[in-house]
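What follows is a pair of complexes built around subunit A, which joins subunit B in one and subunit C in the other.
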Partner chain A sequence: MEAEAKRETSINLESGFRGQLRLFNSQTERWSKFIFIMPTVLALLFLSIFPLIASIYLSLTNFKFVKGGFQLRFVGLNNYKDLLLGSDQKNFLGLLAPMTPMRWIVLGALIAALFFYLIRTLLKTRISLGGLLGRIILALGLSALAWLAVRTLGPGGRLGTLSVTLVFVFLGITIQYLLGLGLALLASQDLRGRRFFRVVFLLPMMITPVGVAYMFKMVTDTSMGPLTPLWRGVGLANFAWINDPWAARGAIILADTWQWVPFMFIVLLAALESQPTDIVEAATVDGANSWQIFRSITWPGIFPISLTLVLIRMIEAFKIIDLPNVMTGGAPGSATESLTLRAFINWRALDLGSSAAVAYLLLIVVTFFATAFVQTIRQRSLGNG
Partner chain B sequence: MTPERRVIAFLSFLLIIVALVACSAPATEAPATEAAATEAPATEAAATEAAATEASGVSEINILTFVGPQVAEPLQRRAPDFTAKTGVKVNVITVPNSDLYQKALTDMATGTNSYDGFLFAPSWIVDFAPAGYIADLTDWAKNDKDLQWDDIGPFFQDFNSYNGKIYSIPVDGDFHLMYYRKDMLEADGLDVPKTWDDYLEVAKHFQGKDLNSDGEPDYGSCISKAKGQQAYWFIYTVAGPYIQAKGSHEGAFFDLKTMDPLVNNDAFKRALEVYDETTKYGPPDELNLGVGDTRGLFLSGRCALSLDWGDIGTLALDETQSKVRGKTGTSITPGSKQVLDRSTGKLVDCDATTCPYAVDGVNYAPYSAFGGWAGAVNASVDPAVQKATYDFFAYMSSPAQANEDVTLGKTGYNPYRISQFKDLDPWLKAGFTEEEAHAYLGAIENSLNNPNMIFDLRIPANHQYQQEELDSIIASFMAHEIDKDQAAQQIFDAWQKITDEQGRDTQLAAYLATIGAK
Partner chain C sequence: MMQRLFQRKTLFAPSPGGTVLAYLLLIIWTIIVLFPLYWLVVTSFKQRIEVSSGPFYIPFVDFKPTTEPWHYILVGDLSNDTLRTFVNTLTIAPVSAFLALVIGAGSAYALVRFNYRPRLAAILSFIACVALAIVTATLGVSWQIALVASLVVFILLFQTIGKRFGRMLGNGDIAFWMISQRMLPPIAVLIPIYILFQQLHLLDTHFALIVSYITLNLPIVVWLMRDYFLTIPIELEESASIDGASPFQIFRKIVLPLSVPGLVATFLFVLVFTWNEYLLALFLSSAKAQTLPVVIAAQNGVRGPQWEYMSVLILIMIVPVIAVAIVLERYISRGLLIGAIK
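Presenting the complex of A and B:
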């Protein structure tokens, strides 16, 4: 009996100790995740969130030297107002041409198409409140862009930094994607010397963008550059691409394409190589031609990777600054001035408020396009699935 | 390898790294001392050096300036001599011109103070001096026998002072000048352009002709018009004589009572027309050319006319890069026979009342664009370091050094001392003939002594007025995105906005003070 009682107490004691240990363990387990995650959270707060908030404040102020240092004077939304409606509108949005009947018709058609799409999706699918809100924002954002395009393109209008950036992003990425895909398809064939070309195609990506910019500045210089004899040969010795807005934009897109095609190429090549060969072989046996194979087998296989690729490039391309800054400084006029370059010019001249406001508007635009892109894709893949 | 062994291996690796890092500090210092010992042999210099270092306790100073080769070159070349003399090592840190202002400002405003001195534009001292960022150098400069402050041209003395106190030591004097191909003008029996209309005529005459016998057509006029570089100065070189006629204190930028910009008028619009027309007689990509490019073109004999600072004059002597040695003429920038009537905004003909300083009916207004490079001292660093930094700038600016540096094209420095105009020896040594030296110095002196010289803008936020707004709008105009009326209106609006933001009264007071208006 006694011995039994002793054992019982020891069991009780043991279980009490174990219980405490378990409690301690569960406590540490609960806290340890916070403790382990804390350095990252603090680093993120310090490096991302704090600057984000500080720059919001900066965008609402004006910088001024005063006795003994400097002062940030609060001016409310004035910097934003200047960019969208005031004296900086011509730089940011561009020169808005007066609305002609033709412009009204085009704008009307574009907006009608957008709302037709919106209403059709609303009627066809059941969507949540968030989805509805997202779509309304998308339609409104795209309508605003359509309005901007109609007012700034064509006679009397001129693109502003916002539209110029969009041109760099969408035109540039389209060309880069198509070229990258073409090269990847070529390099995935069983051709002689493909290993060599794979390395060669990758080289431009390794070069710093400033280096690329200087190189293209020289190459496109028709009167003093290394290719002058060539330009002279084709009768372009006295042509300066810098004098024409679209030629200058073209030169920058050319340099950007030269640098970024390799990125598209390498990822698409990996995607192509990871495709199972048996389906392709089966299709070949069934007598499908190469276009049919590409359309029905290869393309669906590389589609998801292509989307990620375009998204990554898009976010990156919105920040373009090195190329226009070195190649043209934003000239002719403001024809090649990207949003980041404008923010940089303002910052350089100590107009910190305007600079932060431009950067914030850029953030909004990037977020809008990235979200719209991801959502559209998701809907589409859900629909397809 | 077992996990324990891996841990032990890792820890040993770590230990070795720590040991290496710990040892490396004295290890790197040791060769440095050795190098110093070998550099300065045991002579008097070494003794002075040791004594000076001990006395000041300063071993090195950091100077921030514009990326070389010009401007930074003399600092780098002369730094070892200064070190031998004083024992203070000079580190010259260079950044692109367009980043210089921000770099200097950020360093001082955030209290980083990693730079002890700055070689930058003296027009910036109006921002930095009242903020208390840069040191008052008046006592040192005025009592420095080697520096000879009084030998510095009165205009440059003034340009480097704020509220009567000296804040920067000049090492360079800057004006816009006109360069022309003497041989070509003489061969075709043309006069040196006196007005901007003459300039256009001569440029038109030579456009497309072969000027350097290489069989290729060349250009009438080469002006740096690249956006984000120097274009915003050249427009005022053209506009100056149309706007300002009654002396420097009349100012060319703002109305003296209302602080309204003097751009929305016939004078500035005429200047825009002239500036635009020069593009017709220039290289096809002139809108993308910096001064380095236009200098290269002029030196290779491809331009009949060019506007520039004093550099082409000295660079032309260097036959390794110049094909125009002995063929280059220098002159005050062209003037105008008509001038702005400020009450009506119209152009009126020059007469004794409207253009009191006119020569043969032509009103000249040379533009002191930029004003020359000058050294300022960070006020927040140790006083001994401040003194050492001042000493270095004073050393660079002393006639013993400066009078040689201004004669060398590679320095980017142009004359600013009275003795540099009087003493021809350094110029002859540099390769000028007596006639060339007289012509070159004469053109600069002509500008420097001109009572109607235009003082560059030196009011708070001058960066925003010129480098941001004026530059962007001029670039738009040159690209024909906007016409001259829109350009004038846009500059007017943008400048008014900055003036209002900064405070109209304080800006007006600063403007009046910097042009010496009553």
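Presenting the complex of A and C:
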């Protein structure tokens, strides 16, 4: 059971059907079988699957509303070409700085490390053709990201919509996870008023992201927000974070963190509380310190659930739009523009084809990261288990 | 089970110094959580001049509180807008959450108790034909012809390929398909949905939003309720089935009453989610069916953000949700756990 739970790192789907009721065989009951499931299937087909198919087609066209309907002009991959190779403003990769020797070295080192790791795992474990293919795709995808990071970070470059989304997702989740874990460890102790902390810590998650966005815009304002004395004290009274790319991203990540630490906190707290205490007690008797206990008992216990948590948050975080749209509107320039926000902006400009193309690229990116994450974990947990 | 968790002995035996440090850190985070909310409340009682001329922290000491913003939003110039959108949100969120719960719980139950064996080839040929219909219709062929043509193609494919290739899917696959729709970024399907509702002249109606929210929430409902139904013993249902009860009667009279905690948790989850939803509302509503998040976001108007009015609106929006959170904290953490811990 323990080992089973450990292996169960991703969404639990294997154990499905529990055994048919014995008498559910007659004609009416065969009908009820379909009546139960059909509403969901139809709803998902008509508002999820078919739109998805239509969306591919839409992303290959130039869309125009005309009187009494709309007009589609097939343009092939032009929308995608604009996004990947187009002019600076339309480009979602960002402004690419010229390659300097320094950049070549960093890029070379990153890719070498990546392929070293790939070849090492290939030599160590025997894998199927599909696994090999998957890993090669993963390595290529990550190399492309390394290339993008090297070209857009630093002087002369500017992050594009894609990189900005990745920054929001990965920086945000890292901070949220660490804070959530820390708080859960604290709150799992036998303290008075634990229920109070639980309820309070839960609140931010329930608030509408639009509200959170305005609240943080207000609270972090450097000229009239509550922290103004502090800003004056450090000489930033005339500094408006909305004009600085990284400060603006920081503000958005701050708001996102405030909102989503509770999610990590609640689930990790429950995971900590459901851990058996006897091993910890035995270790304490043997003279292990808190760090050792955490490292070798608590951490392995909460590792699987942590992975699930990160996966769930990752999927949600890629959809981010409320916070950047309300807090900055993507400004300065497109420094805080997430992919969904970009799709929204294109939609507002009635450029529906291009909007669908952005949405599709987002879908590809999400699928890439979610699959890579799940596969890497499955491999790791199988390797260790 | 939750009772046991609360009364259990702790994982770490705290030392006195550790306890003080723990309290200190927890209180710091409490302040971080509560301070923005406090600032929201304070700002909602300020006049414009007090908002813009630097921070004033404590009412009655730093500034004289006024109810003018509340007046403006609730009975003054903006009251019609506020009332309309509040009523919109108040109808759309519960109705769609309830319908999603009913539909999703039924499907989740069916996935646990019935055995489905759809054929992969049949499904693929069906989807291919719909894709064909969509493409030909958008290419300018009249939609009736497109529909009939793809129907014919589907029947042909179904009779030939669909019945031959035996690869069958199980309940796990169906459940995975349903739940995986949650991974889909809504923006990827939203633009065709927008065009669909635009063509049907259903944009900016409650109907469009409710239907979209039901679809958006079904994956969560199926996921959470399926995990819940898996924990219900089958014996009761079996004896009812022997007594001649139909599946619907069993579901309504036995299964649903047994799963009230799970249903409540899921309902709240979906309710809060819909209550707070922004992206779909932004695309599918413009005036009549507008919900609160859209109105709040729209306050960033020509004259710049009007913080005091905005604070009132946000408070109106979050007070019910916070009340729900406080009253039903245990249900909520359990609802999260059903999905995550399993």
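As a convention for this text, the second predicted complex is superposed on the first by the 325 of 385 C-alpha atoms of A that agree within 3 Å, B and C clash if a C-alpha of one lies under 4 Å from a C-alpha of the other, contacts with A are read in each partner's own complex, and residues count from 1 in each chain.
To be clear about the criterion, a residue touches a chain if its C-beta (ideal position, glycine included) is under 8 Å from a C-beta of that chain, and two chains touch if they have at least 3 such contacts.
Being a predicted model, the structure only gives us computed values, none of them experimental.
Asks: When the two structures are overlaid on chain A, which partner does A:Thr174 contact: first (subunit B), second (subunit C), both, or neither?
Replies: Neither partner.
Asks: Check the residue A:Ile37 against both partner chains and state whether it touches subunit B (first), subunit C (second), both, or neither.
Replies: second
Asks: What is the contact status of A:Thr222 with respect to subunit B (first) and subunit C (second): first, second, both, or neither?
Replies: After superposing on A, A:Thr222 lies in contact with subunit B but is clear of subunit C.
Asks: When both complexes are superposed, which of subunit B and subunit C contacts more residues belonging to subunit A?
Replies: C
Asks: Touch check for A:Thr376: first (subunit B), second (subunit C), both, or neither?
Replies: neither
Asks: For A:Leu58, using the defined touch cut-off, is the partner it touches subunit B, subunit C, both, or neither? Pick first, second, both or neither.
Replies: A:Leu58 contacts subunit C only, not subunit B.
Asks: For A:Phe70 in the superposed arrangement: first (subunit B), second (subunit C), both or neither?
Replies: The answer is both, since A:Phe70 touches subunit B and subunit C.
Asks: Could you look at A:Leu352 and tell me whether it touches subunit B, subunit C, both or neither (first, second, both, neither)?
Replies: In the superposed model, A:Leu352 contacts subunit C only, not subunit B.
Asks: Output check: A:Asn289 vs subunit B and subunit C. Expected answer is one of first, second, both, neither. What do you get?
Replies: Touch status of A:Asn289: no partner.
Asks: Once the complexes are superposed, what residues of subunit A are shared between the subunit B interface and the subunit C interface?
Replies: 69-70, 223-224, 325, 347
Asks: Could you pull out which subunit A residues touch subunit C in their complex?
Replies: 8, 11-24, 28-29, 32-33, 36-37, 39-41, 43-45, 47-55, 57-58, 69-70, 72, 182-183, 186-191, 195, 197-204, 206-211, 213-219, 223-229, 258, 263, 266-267, 270-275, 277, 280, 284, 290, 293, 298, 305, 308-309, 312, 315, 318-319, 321-322, 325-326, 339-340, 343-344, 347, 352, 355-356, 358-360, 362-363, 366-367, 370
Asks: Touching subunit B in the complex: which residues of subunit A?
Replies: For subunit A paired with subunit B, touching residues are 62, 64-70, 82, 87, 90-91, 95, 158, 221-224, 238-243, 245, 325, 328-335, 345-351.
Asks: Taking the touch rule as given, give the residues of subunit B at its contact with subunit A in the complex, in rising order.
Replies: 98-99, 101-102, 105, 109, 127, 130-132, 226-229, 283-288, 293, 296, 460-461, 463-464, 467-468, 472, 475-482, 490, 493-494, 497, 501-502
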